[in-house]
Structures are given as C-alpha cells and as structure tokens.
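In the two complexes that follow, chain A is the common piece, with chain B as its partner first and chain C second.
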Partner chain A sequence: MTTPATAAMPASSKKPQVQKEDAMWLQKELINRNYQELATAHERGKKISATFVPGNLNELLMCFDFARSLPETNQLQNGMRKKSGKFIMDAERDGQSEDVCTYVKSDLGMMLNGQVGPTGDPLPRPDLLLLSYTGCFTFMKWFELIRQKFGGETVMLHVPYQGDGKINPNMRDYVVKQLKETVIPALEKVSGVKFDIDRLRQYMRESAKAEEDLVAVLQSAKNRPSPIDGYFGGVYYIGPIFTAFRGTPDASKFYGMLRSEIEQRVRDGKGPITPDGEMTSERYRLVVEGPPNWTSFRDFWKMFYEDGAVVVTSTYAKVGGLYDFGFRHDPDRPLESLAEYCMGCYTNLNLPQRIDMICKYIEEYQADGLLINSIKSCNSFSAGQLLILREVEKRTGKPAAFIETDLVDPRYFSAANVKNRLESYFQMIEQKRAAQH
Partner chain B sequence: MKVFIGIDLGSTTTKAVAIDEHQNVLGRGITNSRSNYDTAAQVAKQEALLNARYYLFRQELAASGALNGGLDDFVGQLERDFRLEQFLEQLRDLEEVCLTNTASGKFAQGTKAVGEALLEVFKRLRDEAPAIFAPGARRKSDFFRDIAGSRYHAVGEEVAKEMGVPYEHLLNVFDRSIIEVENRVYIEGQRSQLLRAVDRTFLALPQTQSRTDKIREPIERVLDTELEEVYVVGTGYGRARLPFSKEHIRSEILCHGLGAHVMYPGTATVLDIGGQDTKAIQVDPAGIVENFQMNDRCAAGCGRYLGYIADEMNLGLHELGPLAMQATRTVRINSTCTVFAGAELRDRLALGEKREDILSGLHRAIILRAMSILARSGGIRDEFTFTGGVAKNEAAVKALRELIYENYGEMTININPDSIYTGALGGATFAFRAFQEGQVARPKEAAH
Partner chain C sequence: MSKVAAIIERCQALYEDLDFKAVQEWKNAAPKRKVVGYMPVYVPREIAHAAGILSVGILGGGDQLEVIQGDAYYQSYICRIPRSTIELGLTGKLDGFDGMLFPSICDVIRNLSGMWQILFKDKYVRYFDVPQNYEDNIGGTYYVHELEILRDDLAKLAGVEITNEKINRSIEVFNENRRVIRELYAYRAAKPWQAPTTEIYLLQRAGMVLPVEEHTQLLRDYLAATEAEPRQMRDNARVVINGTFCEQPPLNLIKSIEMAGCYVVDDDFMLVTRWLLDDVPSDGDALDNLSKAFLHHSASTSAKYETKREEKGQFLLQQVTERRAEGVVFACPSFCDPALLERPMLQDVLSAHGVPHTAFKYAENTGQMAPIREQAGTFADSIKLWSAA
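What follows is the complex of A and B.
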C-alpha cells in the first residue's frame, strides 16, 4: 500500500533555481533532521521504531522516546533521488518477484545495500516494527519479510475495515483494547519507558493544532485561482504531519507558517508555486485519485503545470489521515481518538465512501473532472478504480481519465504514454467546455 | 484555393490529409517516419498536396471531356510516371552522395574501383527503374528507401562479383548515404517533374497524343492553382517534434475520435490499433471524445507485435493476415507480450502446430487484448469503427468481428480502406474548425 509523503526535495538537487515556498524549505529541514536523529539514535541510547504512514501512532511512539522511521517515506525519498531502481533490482535478485509492491522491494534492496538512508545518513535497523494499520495486507507481509531477514520485535494492531461505510463503537473498543493490552505493554518493554497518558494528551493537543492549519491550507484550493497544488504541492504539505512530526511543536510551527503563507497567496490572487516558478494561468482544475509517481516526480508535475492544470485536491493527500470532514486528535479521549484515526484513513474507506468523497470534492472545489493515477504496485488503491471512475463520471457529468504509472520502479513510468493521455484529457475538457457554450 | 492539413506522425508511418473549404478530402500522403519526424512530416504533407493535384487533375480533366473514357488510365499512368520521375531524381541524388562518400571512405587503393562499381550499379538501377513503375508491377513498398535499398543490394551484389569489388564496400557506402538522401525534401522540382511525367504519359498512351494540348491545358491550370495552406494541425506520437505552436497540435486520441466521426457520422466507439499503441475511444454524436483507454506502458498486442512475428517467420507484415486466414483451427495463445512473441511462436511450432493455425491464434490474442481495453473504456456501442494499420489485416478483422458478436451481439462495424488516415483526417478537420473559429495560423517557423 502506498503511503506518503514526506517529499523533501533531494539535497543533491542539481537545479539550484527551484522555487519553493518558505515553508517548503522548513519542511526539508525537518525531514533531514529526522534522518540525522535516526542515524544517531542508538548512540544517544534511543530505540528506533518503524511504522507505516496510514494510521500511524506517532504521538504514542513519542511517549516512549522512540526515533521514528517510516518505511514508505524512506522509499519514496529513494525514488525521488533515483536510488530505488537499483534497490528494486537487488531485491529481485534476492528472490522477490516482479509483481511485489515496489516500496517493499526498494526497502529490502536498501537493507541489502547496507542500511544507508536516502539522505546518505546511516539508517540503522529498527528495534521495533509497529504495524498499526492492517488495511493494507502488504504492510503485514512487508514487516514479516523484514523480521525474517533482519529480526526485530514486531507488534501488530488489527484495524477493522470500514466495510459498511462507518465506524461503530464495537470497532473502536476493539482497537482501544488492543492498544491497552498489546501495543502499549510492548512499547514499554522495548523502550524501557513507562507509559504516561498525560504526555500523550499533550502531543495530541499539538496534533490537533497542526491539523486545523493543514485543513485550512488544503481547502484554500477552493479559491480561484487555487493558491496551491493539492497533489504535487500537497505531498510536501502533508510530509511532517503524516510522519514523525505530528504532535511536535515543530509541526505546529510549520503548519502555522504554511497557513499564513498560503493565506497571503489567496489575498494576492496568486496561483501555486511550481519548481519552475509561479503558475500564472489556471486552465484546468482537477481532482486526482491515487498516489503520485516518485521516480519522475518533477517531469510528471511539469506535464500538468505547463498546460495550466492544477490539482485542486487529491485523495492521496488524505492517505495519512482524513481531516477535512472534521476528525481531529482529541486529547480528552486519547486512545479512542487514536483508534478512530487509524480506522479513518483514506484507504480504510470502502468503495462507496471513496466515490462520495470524490464527487463531493469535484463539487466543492469546482473541478473540471477526475484523473486517476493507477499504480501498478498498489492494489489498496487500484482495486475498483475503474468503477470509481465510471460512477463519478455518471454522477457529476464531468470527464474523467485514467493513467498508469508506479511508485518507485522507474521501469514503469512511460513519459510518452502518460503525456499522451494527459494532453488528450486536457483537450477533452476543452472540447466539452466548447460544446457547452 | 484554401487547404487545411492534418499530419499524423505515427511511430511507423507518417500520414497527411488535405481537405478543402467544403471539407472534401483532396489528397492523402504517407511516408515512413524514419528517425526524423520533421522530414517525415514535410514529405507526407508534400505527398498529400501532390495527391490533391491528382484529385484536381481528375476533376478538371473530367470537366473538360478531353479524355472521354480514358481518364482513369491516363491519371493512373501519370501517377506512375511521376513516381518514376521522382525516383530517378532521388536516385541521382543518392548516386552523387554515394560518390562523395566513397571519396571520403577508407577504401585505400580500392577507392577508384568502388567508384567505378557505383557508376555501374546506378546505371543499371536507372535502366531497370521504368519496369519497377510499369502498370501492374508489384512493389513491396512505395518508400524510396525500401525500393532503392532492396534493388541496390541485389544489383550491387552482381556488380561487385563481376568487377571484383568487395560487396561490403558497396553496402558500406550505401548505408552511409541513404539517411542523408532520405531526409531531403524535394519541393522545388515538383512542377517540372510533373510536366516531365506528362510527357512520358503521352508517350506511353499513344492514343492521347492527338489531344495533347487539350489535355495539357487543364493540367497546367491545376498546376497554376496555388494550394494555400491555411491551417495545419499535427498529431500522433511525434507531434511534439513538429515545428508548430501549441494551438496547432492536437492529441491523437481526439483526432482519431473526430476522424472516425467524419468518416462515419454514426460512430460511437472507435478502436485504433497502431504500431505501438491501442486506443479505445468513446465519442458523442458530434465526434467529441467522452472517454478513452490505452494500453499501458508496454506495446503488447499492438501492430509492432505483428511486426516481430513477421520477422520471426521471415514473412512480410502484409503476408501474415492472408496466411492466418488459411487456418483450419485457432491455436490458443495466452501471451501478447512482444518480448515473448518469438518464444511463444517457436514453442508452438516445436509442438507441431501449423503456422497458419498459430497465426490465427496470435491474431485472436491481439484482439482479445483490444477487447479488454475496449471494455475498460466503457464497452462497444453501435456504430463501431475500427482504424489504424491493423485494420488492414483481414485475420485481425475476422477475429474482431467474431469477438464483438460473441460479446456484444449484432453491430454495425465500419472499416474504411483509408482508415490509416483517420488521425490525419481528424487533424485536418480540427484545422478547418480552427480556421472557422477565426484563429490565425501561427507556425513557429516559416519553413512549413
């Protein structure tokens, strides 16, 4: 399963004139700092946890002083830095099939290559593998593979799927019970730190603050022109909150700064910042479903902004937590709220919920249509996507289109093919508009 | 007269269509895409404009009554004579380039001998050229590179043996020269070539000689008519390489959708199987694209797959369909992976299957893949139009008809003999519409 999303720009970026918001520079600093903390954790007497982005229990892990590593994020960083291709091939040589999720293979390949992280800092093996979201079956297998090859304590939290489109009290109680009886004792044991619920409440208070600001940033795209790109820019915005920083004062500072920057852009009537500068003409407003491609991220983005296409909102920017319909981490009900958070992430929604959400987005963000980026590696996202497409088309009457790429396997990104489909889609929107006049 | 042009730069061939202000198709041109899209686009366009002249010749000659009854023979002969003139000019060019390249080649003492051998080769090629373009003569290809290449190889081998020159030297000179010649566009000489061709035609058809003036007059009138390129639209795989500004480039999916609609206004679903992609397109009653799906990253099940199969079997691409039609049963083929095509084929042959039966299975496998892409785009609706190079393959068409009947029932299936020009026709129609909407043509370079 595919998760985000700390898309810090590669440090070795060769084009110095890349344009970014100030908050983006801060974001990059945060992400790099986390890699340094991971590199030195053992020297500093700290334990390292690995956990996946959707439904991650960052606040809880911080209560036990864990340094926090997010495996999908490490791999998307490797993808952006053009390192994943070799890792994947190494993992295949080690026995993984071509059809295995490429995040998994890139991670295994990275481990086979001596545990150096994307930034070049050492990335020591985790002491604890915390599986806090089971909506992606591959996550479970991923940690199993790591445990098999490299060892490490594993803890599993089983998260019920929203098969009926809602979270009922039984489901919540079931998760809370596991947190109390299995997860927290295991974290205490591995870390040697005693659990303090007030510390958890304090972190959650910070989380809620940052979440409020994040929602304001993402929803700023309802403006015309949109001041942000809710997909390509969105992955930068969600970086800190979906990973090791949610619950920290740093994250609150980042989101406060980002929000005021974006609100200024709204007041100035400005479009999004792209790597090539500010986007001045907004010709198409799209909703995108599915994760981005990381190995050709810039080229992919460019295909949009050079044609004046802005993604006003995306489901992917909700993969580590769905906040825009009201959920916030609640310090008054800490464990219950963590349970609801785990069950509420985007890929834990059933098909009708996803369709409803996309239709609502198209309406609220005044989008021209839906674009699906279907990922070879990720069945959690891809299964049912054509059904989503048809239904959204039918309900909204807006044109939809479908492209296919992969997360971090560079062999599965065909620029010509993707560009062909995107151009066709943009022109299709144009034609439909002309026909309506 | 005002002309609107669509150019479809495909991975294998480049097509151009010219239409007039009433959206009549005036001319079509096709050439191999080479590795040089600029040249391919120019050559295809020239071909289409030339073809437009023939269309106009026909019209004018018919109106003048100068040829009563003999019109088709005359224009047919004229086309062949013109091709011959064109061929001879390119051959002269090739000879010159070959001689220059011989001088700079590393043949040491052999240089002089190679030069002499070349002169002999080209003399023979010139002598046999009229036969290549004689009525009823069969050519495997109409592209200069193919014709000149295959004859050069054959004649070169003879000459090399007779004159005691290493054959590889002649091949080497050819290989170094052909790309340069192939990438040249001959625009200037067209009028005089046509007039020379007219003279040849009079000689070939003695019965017309008493009316030469009457025939020549409408032809010259057509030649004096300026074909004003009002608007050009480019599409296809190489579209980004066209020296046009953005407004002059349309997606091939939109062009195929519109082209199919122009050919068959009742079209609802379009399937296009080209060299390296397969597209399923749904259009509304006005020809506007509503939905589309394409093959993903790999070219499995596209025209190129048939190309590999043909190579593996040592057959021409156009021989595959007819051979498959002779099948008595259809071998079940699972993979349409182009990379595995050879292995799959040899495996079946090793199992004792007949070539035609295997081929029948391969064609069905391609169409099965297309059916899945069609299903993903929203299925097949009446009327259904099949386009692209593979639509010329009868075995593919047969498999498609069967599978459509099995899955969707009775359906109108349109296949136009000129379906290879669908994208270019859509482009030309977009060009016409753009003009109508009052846009001004803005090529980036004046060269076009």
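What follows is the complex of A and C.
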C-alpha cells in the first residue's frame, strides 16, 4: 500500500526564497535528524528497525531504543529527489515484474545500489523488519522480498481487516496477544532492551497531545478560506506523526507550533501556503482520495493552486490513523489502544466505511466535489475506487473526477493528461454551480 | 463415446456453464436450499456443508464471458478476475446465490468484498480473514472465533443449527474428497499420459460446482475409467505449474503447455480442494481441528506469511522432488501482486537448487496462445536436452 509521508515542503525553483511556516523548518530538521540517526545507529550501538507507516508502532519501538526507518517514506523521498526511476528499473532488471508496486521496486533498487538513503547519508540494513500487516497485502511480500535478498529477521503483526466495518473484541484480543507474545519478545531479543510498559505509557501520552493538535490543524480547513491544503500540504503536516516521531516531545512541540501558526492564519483570513507563496483566491474546495504522485509532486500541486483549487481534506492524510474521527493513543490501555490504532487506519476500512467517510468530509468541509487520484501501484487504495466515485456522486450530488498516476515511477505521470482532466473537472464544477444559481 | 470422454464432457459442460444451471438445479431440487459462493484461495467448506448449504467456487468469467459492465468498475492495471466476477453478478448469473465469501488473499478480493456489500445489498457477504500467526493460542484462538462467526452466520442463513457433530460428519465427507484428489494427483504424477492436465483441471473445476459427494464419486469413476483405457506415453518434460491459484488460465493455455511437450505433474489450481494436506480429525472439537489443520497442515501459497526465510520455496521444492518434476512453469495473472511478488523469491530458491524454470503472464481471457506454446516448447526441449546430456 501507499503510505506517507515525511515530505519536506518542496522548494520553489522561483526566486525569491519560498515562503515557509516556522513549523516547516522544524519539520525539515526532524527529517534530516532521523536520517542521521539511522546513518550512525550502528556506531552508537543501536539497532535499526524498519516498519510500515499504517499501523506503525513507533511508541513501542522507542521503548527498545531502535532507530526507526520507514520504507515507504524513504521511497517517496527518493521519488521527490528523482532517484526512484533508476531504482525501479534496476529492480525490474533483477527480476521484478513491471506490474507490481513501485515502492517495493524502488526500495529493492535502492538496496541493490548500496546502503545509501535518500539524503545521501548511509542507510544501513535494518536489524529487524517489523511487518505491521495493516491495510495492505503487499507489505507482507515486500518484507519477505527484502529478507530473501538481504537477510534480516521479520516479525509479523497480523492486523485483521474491518470486513464488517467494525472492530470486534476477538480482533482486538488477537492483536494484543501478538504484541505480548510475539512482537515484544522479538523486539527485546533483537534490541537487548527489556520492555517497560511505563515507558510506553509515557510515549503514548505524548502522542495523544500531538494528535489533538494535528486534528485542530486538519480541521482548520473547514474555514473559508481554508488556511491549509489538506493533501499536498497535508503530507507535510502528517509527516512527523505518521513516522518516527509520534510519541516524542519534538513531535508535540512541532504540532503545538504548527497549530498556533495555523490558528493565526485563520484569524487573519489567510489561505494556504504553497511553494509559490500564499494562495490568495480559493475557487474550488476539493476532497481527494488516493495518495499523491511523488515524482512530480510540485508540478502536480501547482496544477491545483494555479487554478485556485485547495484540497480541504484527503483520505491519504488518514493512512497513518483516523485521529479526526476521535482516535487517540490511550496510555491507560496501552496495548489495546495500539491494537485499535492499527486496525483503524484508513486502508484497513472496508469500502462502505470509506464511502461514508468521504461523504461526511464533503459535507463537513463544504467541498465542491471529490477527486480520485488512482495509483497504479496500489491495489489497496485503487481496487474499488470507481465504485467509490459513483456512490459518492450519487449520495452527495457533487461532481467527482478520476485521474491516474503512480507513486514513484516517473513513467506513469503524464502532466498533460492530468492537467486536462483537472481543467475539465474545474469546468464541471463551474457548470454545476451555474446550474444551481 | 469412451467412459473417460463422457466424464470429461460432463465436466466441460459444467465448466462452460456460466449461468450455473447445475447449481440452480440443485437448489430447485428441494425447498429452502441455499447456495454460497466463495472466491480463491481457501474457505472451510465443511461448515457450509454442515448447514446443508452448497458452496460454489467462483473463479471469474474465463475466456467466454464478455465483460462489459465489470470493466467500468476497474482500472486497466487491475487483474481481470474481479471485473468478470462483478460482471457475473451484475448480469444476474449469481442471482441464485444467497451469499458470497471473500477470503483474505489480496487487496483486490478484500476490496471486492466491500463492493459486493454495496452492489448486492440483499445477499450475505463475508470477508473471511485467516490468521498469519500460526500459534494455536494466538492465531488459532482468533481463527476459531472467526469460524464460529461463519458457523453462526451460515446457520442463520440456512435456518438450521450447525452442531459440532454435523461439522464432524462434513469433515469426514471432505476428508474423503481430499483423499481421492490426493490419489488423482499421485496417479497423474505416476502416469501423466493417462491423466492429462486438461482433464485434471476440468475434473477439479467440476468440484467447484458439484456437491462434494458427487465430486468424489466422479473422481473415482474417472480414475477407474482412465486406468482401463491405455493411452500413448510420450517423452515429455515433467513440470510443475505455479502462480495460478486465483485468476484462472484459459483452458487453451493448459492445452498449449501440454501440446508443447510438457507433462504437468503438479500445480496450484483450485487450492481450496487441497489446502488441508492431511485428514482432519473428525472426532473432537470440529472448529479447533479445522483451525489446527489450517495452522499446521496446509498448503503454502503467496497469501500465507512464511515466518522464516528458510521456509520460502520449500513447498514448491517438495512438489518438484516428490513428483519428480524436471522444471517449473510460472504462469501468473497479469497485475497479480501476490503471484508476481512471490515469483522472484521462488525463482531464487529453484535456481539455488538447480531446478530450471520459465515464466509468463496471462489473463483469463488471453486468446493468443502461440507465444506461450513456443516458450513452453523451448523450455521442454531445453529440459530434455539437459537431461540427455
């Protein structure tokens, strides 16, 4: 599955310098620091874990002093830095099919090219592959492939899917039992650190604080104009909390700072900040379903803000947790809460739940419609999106549109096609508005 | 017509019957009968059987179904089986079905379960999750609960009670079916000229729609009939086919592989019938026994996690060894993540053990067989040359 997201705000090629909120600088510093920590982990006697973003157990991993790597994040960084195309081709030459997920191939390609991460810092091989099997079948194959090719140990955390649209006690007990009897012992063994549940509670307390602030930031888009972009900008807002920082004081500081900045923007009646500066006119308010394209991220975003389109909220910003629907890490029931967190991530929801969520967003954020960015790589998101489109149109009466791109394979981003589609979509919204007046 | 030909003709008719007339006839034969469909790769059919429900394997539309509406639900880069399955549903071919089970095999089938809930609101729909943790007290406990839910749902659907005893009796019936299938596979491996894979395939497909007792008898009849009709032995290469566990290859593709000079001596077609490798005990807690069989004695395929690197490919290697295969043909559906991501790992293991392999992709409606025939022919020739050297 396609997951985020520690994307630094892309710099504009235009001079003068791109405008950034203060929190953005802090975020960039956090990302770079994590790569340095990974680069020097072994020298410092630390072990490295790799785990996926949805259902990631960051608080738990921190209890064992792991340096934490997130493979999807590494690959989206490679995508933004235009390195993924070569990696993908190298993986295909090494026997991977052209049909399969490009995150996987980019990761394998990166490893085939030596142990260097997206920032150019060394990225040593993980000591433990924590297979948080949430919302994406491909995760399982991904880590099996890495294990097959480069060695290392895997530990599975099987997270049952919400096929019935709910979490039953049996599902929760199953995840908790795995945590207690499989995952924690494996983490203890590899790290040599004994598990301390109070340490976990402390991290979770910190997580809940940051989650509260994140929700305030994301929901600020209900204002008109929206002070944020909940997709392109959203990627950078969710970065720290969906990855190696949830549960750290740094994350709390970042979200506190971000929230005050955004609240100030609301008071000032300002629109979102884009790589080309502040967006001054808000013409279209959209909900977006599906992950972004990373190889042309900035051009893609530009196609929106140039035309005054702001994404008020997106499902992608929920792959690492549905905080805006009330979930908070709960230090009083740490393992149960981690289990519920894993099962509650967006791609672990069934299709009717996803449709309900999007319809609710359209209403609550007063959106003009739904745009689906369908990603070739990602069946977890993409299979069923055409039905989502129909159902949402039917239920909300708002126009919906469909574009197709990929995550990190530059061969699947056709700027002209995407632009055409978007322009016709914006016209469609205009026509709908005209018809209503 | 020979006995074998008559049996195969019957299977072929069942295979071509996209309206599931045989299922409808079974349903109409007595009042209140219920039918539940299931998709690959595995569901515990014993539980449906214990409720008197006919479980029917839905394997897409093959190369005979024209997919019109189904295409509107899927992007071009998604495999074909979900779109043809939707087509079957939307064109009323599954109207006689009271429910559908979607096992946990991949994200496409998983999401299809939700689509089914939306598109066929009056039907029973269940996503059937299976554990990826194989400890009895962890994955086992979870799985037994899942089985209980399925049992209770199916009991409600059928309007009967499903007792432990009833499930145990059904386990016996399915044990018998599995035994005959094991015999059939062993027979083919021993005398592949007597049991061509096009025939084995059709016999197995018949098992997707026939009541299990009838299927068991059909296989017995076939085994007796084919043994009585000697056929000519050829100097073909012995191969295992891998990758076909979900979307099905067209029958012509299997024919092409055989015509190119290959004897298929093992495969992963319709794994549901061979998922549980041994007899399941039929005298204790039935759900617990089904759970233990799943956790400890089931087939290996891409949808199942392998806890250790050393396990990867061992199941396939064992097939190769036990069936005395000389090579492996990877036939994977286009855009099938499970099959295509698993393939390089299996290829690695085979290469490390000196087992030759070749690979191609197909879709259920692939029409052009010439390239596949050519590739399989070259592969068979190279195996023969290599073994002669």
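Keep this in mind: the second predicted complex is superposed on the first by the 428 of 437 C-alpha atoms of A that agree within 3 Å, B and C clash if a C-alpha of one lies under 4 Å from a C-alpha of the other, contacts with A are read in each partner's own complex, and residues count from 1 in each chain.
The rule we apply is simple: contacts are C-beta pairs under 8 Å (C-beta built on N, C-alpha and C of every residue); 3 or more make two chains touch, one makes a residue touch a chain.
Worth saying up front: this structure is predicted, and the values here are computed from it rather than measured.
**Student:** Based on the superposed arrangement, let me know which partner A:M428 touches: chain B (first), chain C (second), both, or neither?
**Tutor:** first
**Student:** Which partner does A:G384 contact after superposing on A: first (chain B), second (chain C), both, neither?
**Tutor:** second
**Student:** For the overlaid complexes, name the partner, chain B or chain C, with more touching residues on chain A.
**Tutor:** Of chain B and chain C, C contacts more residues of chain A.
**Student:** So, A:G277: does it touch chain B (first), chain C (second), both, or neither?
**Tutor:** In the superposition, A:G277 touches no partner, neither chain B nor chain C.
**Student:** Identify the partner contact of A:I355: answer first if only chain B is touched, second if only chain C is, both if each is, neither if none is.
**Tutor:** second
**Student:** Does chain B (first) or chain C (second) touch A:L145, or do both, or does neither?
**Tutor:** second
**Student:** Could you tell me if A:F137 is touching chain B, chain C, both of them or neither one (first, second, both, neither)?
**Tutor:** second
**Student:** For A:G120, using the defined touch cut-off, is the partner it touches chain B, chain C, both, or neither? Pick first, second, both or neither.
**Tutor:** Touch status of A:G120: no partner.
**Student:** Is A:D99 touching the first partner chain B, the second partner chain C, both, or neither of them?
**Tutor:** second
**Student:** Applying the touch criterion given at the start, work out whether A:E181 contacts chain B, chain C, both or neither, answering first, second, both or neither.
**Tutor:** second
**Student:** Can you give me the overlap between the chain B contact set and the chain C contact set on chain A?
**Tutor:** On chain A, the residues that contact chain B in one structure and chain C in the other are 386, 404.
**Student:** Okay, in this complex, where on chain C does chain A touch?
**Tutor:** By the definition above, chain C touches chain A via 72-75, 77-78, 82, 102, 104-108, 110-115, 117-119, 126-129, 131-133, 135, 137-139, 141-142, 145-146, 302-303, 305-307, 309, 312, 332, 334-338, 340-345, 347-348, 361.
**Student:** Which residues, counting only chain A, touch chain B once they are in their complex?
**Tutor:** On the chain A side, the touching residues are 386, 390, 393, 399-402, 404, 412-414, 416-417, 420-421, 423-424, 427-428, 431-432, 435.
**Student:** Which positions of chain A touch chain C when the two form their complex?
**Tutor:** Those residues of chain A that touch chain C are 1, 94-97, 99-101, 104, 131, 133, 136-138, 140-142, 144-145, 147-148, 151, 154, 156, 158, 160-161, 163-164, 170-171, 173-174, 177-178, 181-182, 350-355, 374, 376, 379-380, 382-387, 391, 404.
**Student:** Spell out the residues on chain B that touch chain A in their complex, using ranges where they run on.
**Tutor:** 237, 250-254, 277, 284, 286, 288-294, 296-297, 376, 378
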